[in-house]
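Next up: some structures, all given as C-alpha cells.
Across the two complexes that follow, chain A remains constant while its partner is chain B and subsequently chain C.
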Partner chain A sequence: MTVSMKRIYAIFQKDLKDLSKNLFVSSIVILPVLMAFMYSRMGDILDLHYLIINLTLASVTAFIQCAVIAEEKEKHTLRGLMLSPATLPEILTGKSLVSLILTIVTLVVCMMITGYEPANLVLISFVILLSCLFYLALGTLLGLLTKTVVEASVVILPFMFLFGFGSMLKPLVDDYAILGFVEYLPNTQLVELAYKIESGLGFGSLWSHLAIILTWVIVATILTIFVYRKREMDD
Partner chain B sequence: MAVLSIQNVEKHTKDMILFPPFNLTIDKGQVVAVHSNLNVRLALMDMFLRKTVIPNGDILINGSSISENKQIYLKQVCISFYEEGLYERLSILDHFKLYKQLYGFNQPFDNILHITQLDEIKHNKIKNLTHSQKRRVQFARVLFQNPSFYLFEEPDLNVDIETRSIFINITKKLLEAGKSILVLTGNIESALIISDRVYRLHEAGLQPYVVEKDAEELNSDPSETENDREEVFQFNKIPTKINEKIVLFDPPEIDYIESNEGQSNVYIKGEAFPSVFTLNDLEERLKPYGFFRCHRSYIVNLQKVREVITWTRNSYSLVLDDQPKSSIPLSKTKMAQLKEMLGLK
Partner chain C sequence: MENVIEVNSLAKIFGNQTALENVSFNVKKGETLGFLGPSGSGKTTTIKILTGQLRPTSGEAHVFGLSTSSLKNKDFRKRIGVLTDNSGLYNRLSIYDNLKLYCDLYNVPTAKIDEVLRLVNLTDDQKKVVSKLSKGMLQRVLLARTLLHDPELLFLDEPTSALDPANSKHIHEGLRRLNDQGTTIFLTTHDMSEAETLCDRVAFLHKGKVQLLDEPKKLRRQYSDSTITVELKDGREIVLPGGSEGADTIYNYLSTDQVVSVHSNEPTLGDIFVDITGRELV
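For the complex of A and B:
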C-alpha cells in the first residue's frame, strides 16, 4: 500500500475548488478576520493576538474540516471515494491540506492586521502547526460523527467557544475550581508557550507544554481512527 | 473460471426470511439481471459493500472471498449505486478530472464524454443537470475503472430513453471487453432488456424468470376443451378482480398485460389490475382487438404503441403512448412478426 501523491493532489484540487464555491462553509473565514480588525485597535497585547489565533484554529481549521467531511457524508460522495483506490490516509491528507492552507492564509492575514510579530517565528510556527493537527483531528472526528453540514455546524459550536474563547475563562479559574481543566486545554497551552517564547526561553523549558499539546493531538487522532473503524462505509 | 460466484448466501431479518440460501455464478463476458424488491436489493448491496457478514456462505470474485483483502477486492469490482453522490458545485469536467487521477486512468477521456453524450454540457455544474444526465455522469465514472466485475443498482430507473440506451451501450462495451456484470433491479422490463439471464430473488429463493408455455404447447393439451366455450355467449369485456370486486374493462382501454409468476396483470393508465385469466387466454380473446403478444410474458395493445426502440440487435422495446410512457420488452422473434404486421420488410 503506497501513498500516491497523485491521488492526494486530485482530492486536494477537488476539495479546494468545491470549497471556493461553497459560501456557507468558506465564509467562516470572515469571523477571525473581523475579530482581528476589532481587536487591532486595542494595541499590541499578546493575549489578544492569541485570542485571534486560537479563534482561527477553532473556527477555520476545525469547522472547515468538519463541514467538508460532513458534506461528503451527506451527499453520499464519501462512499464513492472509499470504494476508489484512494486509501483513507490519502483522502484525509487531501482534505486536511485544504483546511490547513486556508488556516495558514487566514492566520497570516490576521497577524498582519493585528500587527503581531513573534520573537521566534520558526518556533511559533512549529507550535501553531502542531496545534493545527489537533484541530484537524477534532474536525475530522466531528465530521464523521455528524450526518449533515447543518448538524455539523451546530455540533462544532461548543468546541469553537471552548477552544476559541477558552483562554478568556482563565481569570475565573481561581474562583471556580471546576474550571481547572482550562489550564490544560491546547489553546491555553499555546498562549503560555507564546509567553515563554516571547521572554526568550529555550526549548528545554517548553517541553511540558509541547507534550500536553502533543497528547491532545494523539488522543484526538486515536478517537478519530476508532470512530472511523466503527462507522466505516456508513452512509 | 467464474468471475463472480455467490455461494450459499442467505439473509434473515429478525425472524423473517428475506431470501433463502442461493448460488449464482457469472462467467467472463456475461451479464445477469436479478429482479427483487427493495429490501432484498439493499441486503445484497450491503453484502457487496462488506457491511454485513455473510453467515454460512460466501461471495467470491475471481476465486477469492470478498472479505479477504479490501484493497484487492476494490480493484476487482466497480459498484454503481442508484443513489450515488456527485459534487453539486463542480462541473462534469471537474468530475472527470478527479476520476481520471483517482483511478489512474491514463488515456484522454474524450471518448467517455462521447459515449455518455455529455460533450455539450461538460462545463455545466452538477446541480444544473437533470436526473438522467446525473446518471450518465455516474455511468461515466464506471468507465474510468478497469475491474473484472461490475455491479449496477437500478441502472435505468426513472431515466429517459437516451440515457437508457447509453447504459445498454456501456454494458455492451464492457461485455465485449470480457467483463462480468450483475444488475440488481426492481423493474422486470429493464432486466429483460439488459440480459438474457434474468432471475427473481425473493422468499422462495433465486428462480430463473419463468415464462409461460408457448401457445402451441397449450393448444396440444388434451384437457383443454375449446369447443365448449364457443357456444357460450362471448362477452367482450375483460374481467379483473380487485379484492372481492370484479371490474370489467373494454379492450381498447387496456394498455398492456404483463404476466408475473403465472398471474397476469392488466395495465390501464399505469395501474395494474390482476386478471383472472392466463396470458394465453387473454391473447386469444384480445387478438381481434389489435393486441399483440410481443414477449413471452407481455401482450400489448398495438393501438397504444408510439415507438419501437432497438437497443441491440437482440433487444427491443415498445414505448407506449399512455400516461407513464411505459416501455415493455419486445422479443427478437416477435420483432419479425411485428414488422410483417406493420408492412415493413
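For the complex of A and C:
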C-alpha cells in the first residue's frame, strides 16, 4: 500500500487552518507554558522539568488530538474522509500532525522557560517523540469513542490527570500496593529514562524503559485502529 | 444493458427493528433511478449499505460488480460520489477551503472548484465561511463536493430538500447534464415532481420491499382509470369515460363552444405513492 503525502498534507493544512480559529481547543497550550513560568523560579530540578513535559504530552498532545477527532465525528466530517480515497494511515497521520507540531513547539518553549538542557538531546528527543506517539493514539482513541467535543473533553480529564501528574504518585507506591501500576505508566517511565540518560547510562540500562513505553504505543495504536474500523460502519 | 448496481433480497435489521426486509432491484449504467418511499422506509439505509457504511443483515448487493464487503477499495471510492444526510463540512473554513481539501484527497486540480460551484450556483460565495451559510447553501456546497471528482455513480439522498424552486431547477438541469454525459444517478427524494423530471425509472420502497419499479410515464398510464375531465363555461366539471362514448360527448361540448379545458385523469406519482403506501408523503 502506498501512502499519499499529498493527502496527508491536505488534511494537515486543513487542520492547521481550522485549529487557528478554534480557541477553545488551541488555548490549552497556555496551561503548560504557565506552569513552566511558575516552576522556572524553583531552579533546575529534573523532576520539575518532566512534570511540565508530561503535562504538555497529556494536555497539548492528547487533549488537542482528542478534541479534533471528536469534532470530526460530531460534525460528520470524518465520514467524508472515510468515504474519500484517503486510507486509515493517511487520515490518522494527517490528523496527528497538527497536535504533534503544537506539542513540539510547546515543549521547546517550556524547556526554554524552565532552562532544561538535556545531557543527550538526541536521545531525549527520541524518547519524548516515542511517548508522543502514545499520547496521540490515546487522544485519537478517546476522540473516536466519544460523540461530541464536550463529551470528549470531559472523558479525557481523568486520563490527563493520570498521565500528566501520575508520576507524582510514585512516592506513595511503597505504602499503597494498588498504586503499583504507576511504575509502569509511560510518564513514570519517561522520568526514569531521563534520570538514567542524565547520569550518562548507556542503552543497556535504558532498553527496558523503552520497551515499556513502546508497549503502550503499540497497545494504544492497535486499540485505535480497531475502534476506527468499527466507526467505519454505522451500526 | 450493463447493471451498475445489483441488489438481491437485501435485508437490514437494527436490533429488533426491520428496516429492509427483502429488497431487490438493479440500476442500469447511465440511468437515473429514483428511490421513493415514506419517511423511515429505509432509503438512507439502502444508500449506506451500497456505499460501504453499513453491513447488510442478509442478502447481497453489488456495485460495479463489487460485493458490499469490498467497498472500502480506494478505486471504488474514486468512482462514486455520496451525498447523505450525515455528510458534514468544516464550519470554520470557507467554502473554497472545504472543497480544496477534497480536491487534494481525490487528486483533482483546484480548477474544478469553479466548475462545481457554477453547477450549484455558488460561484460568488466561495470565500464565505461555512458557519455563516444558510441551510440551502450548505446543501449545495455538499452537492458540489460530491461532484468534484466526476464520479461515475452518484448517490444523492434528498439533494434538493432544502432548496428554493429556482435553485432546485438549476440543480436539476445540472444533474440532467451529468446524466446525459453518462453519470449514473441513484436518487432519493420526497419531491414527486423532482422524481418525475429527473428519473428514468422510479422504485417505491414500502414495508421493507420494493413495491413497484418502472418508468414514471408507464406507471402513470398503468394506474390511470382513463377518464377525462371536461370543464365547461357554465362552471360544471364533467368526468367522462375515455372511450368512444366520451368522445361523442366532448365533441358536442366542443362544437357548441362550451369547453374551458380538457384533462386526462392520469394519476401523479404522488397519487400512486399514496395508493401504494396508504399515507401522504412527509
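Structural remarks
Heads up, the rule we're going with is that the second predicted complex is superposed on the first by the 231 of 235 C-alpha atoms of A that agree within 3 Å, B and C clash if a C-alpha of one lies under 4 Å from a C-alpha of the other, contacts with A are read in each partner's own complex, and residues count from 1 in each chain.
Basically, a residue touches a chain if its C-beta (ideal position, glycine included) is under 8 Å from a C-beta of that chain, and two chains touch if they have at least 3 such contacts.
These numbers were taken from a predicted model, which means no experiment stands behind them.
Superposition note: with chain A as the common reference, chain B and chain C are in steric clash.
Using the contact criterion defined above for the overlaid structures, shared-chain residue A:Glu192 touches neither chain B nor chain C, since it reaches no partner. Judged by the touch definition given at the top, the superposed model places A:His76 against both chain B and chain C. On chain A, the surface patch touched by chain B in one complex and by chain C in the other comprises residues 6-7, 9-11, 13-14, 17-18, 21-22, 75-77, 79-81, 83-87, 233. Those residues of chain B whose C-beta lies close enough to touch chain A in the complex are 49-51, 71, 74-75, 79, 81, 83-90, 94, 97-98, 101-104, 141. Those residues of chain C that touch chain A in the complex are listed here as 14, 48, 51-55, 72, 74-75, 77-78, 82, 86-93, 97, 100-102, 104-107, 145.
If you check the complex, the residues on chain A that touch chain B are 1, 6-7, 9-11, 13-14, 17-18, 21-22, 72, 75-81, 83-87, 233. On chain A, the positions that touch chain C within their shared complex are 4, 6-7, 9-11, 13-14, 17-18, 21-22, 75-77, 79-81, 83-87, 232-235.
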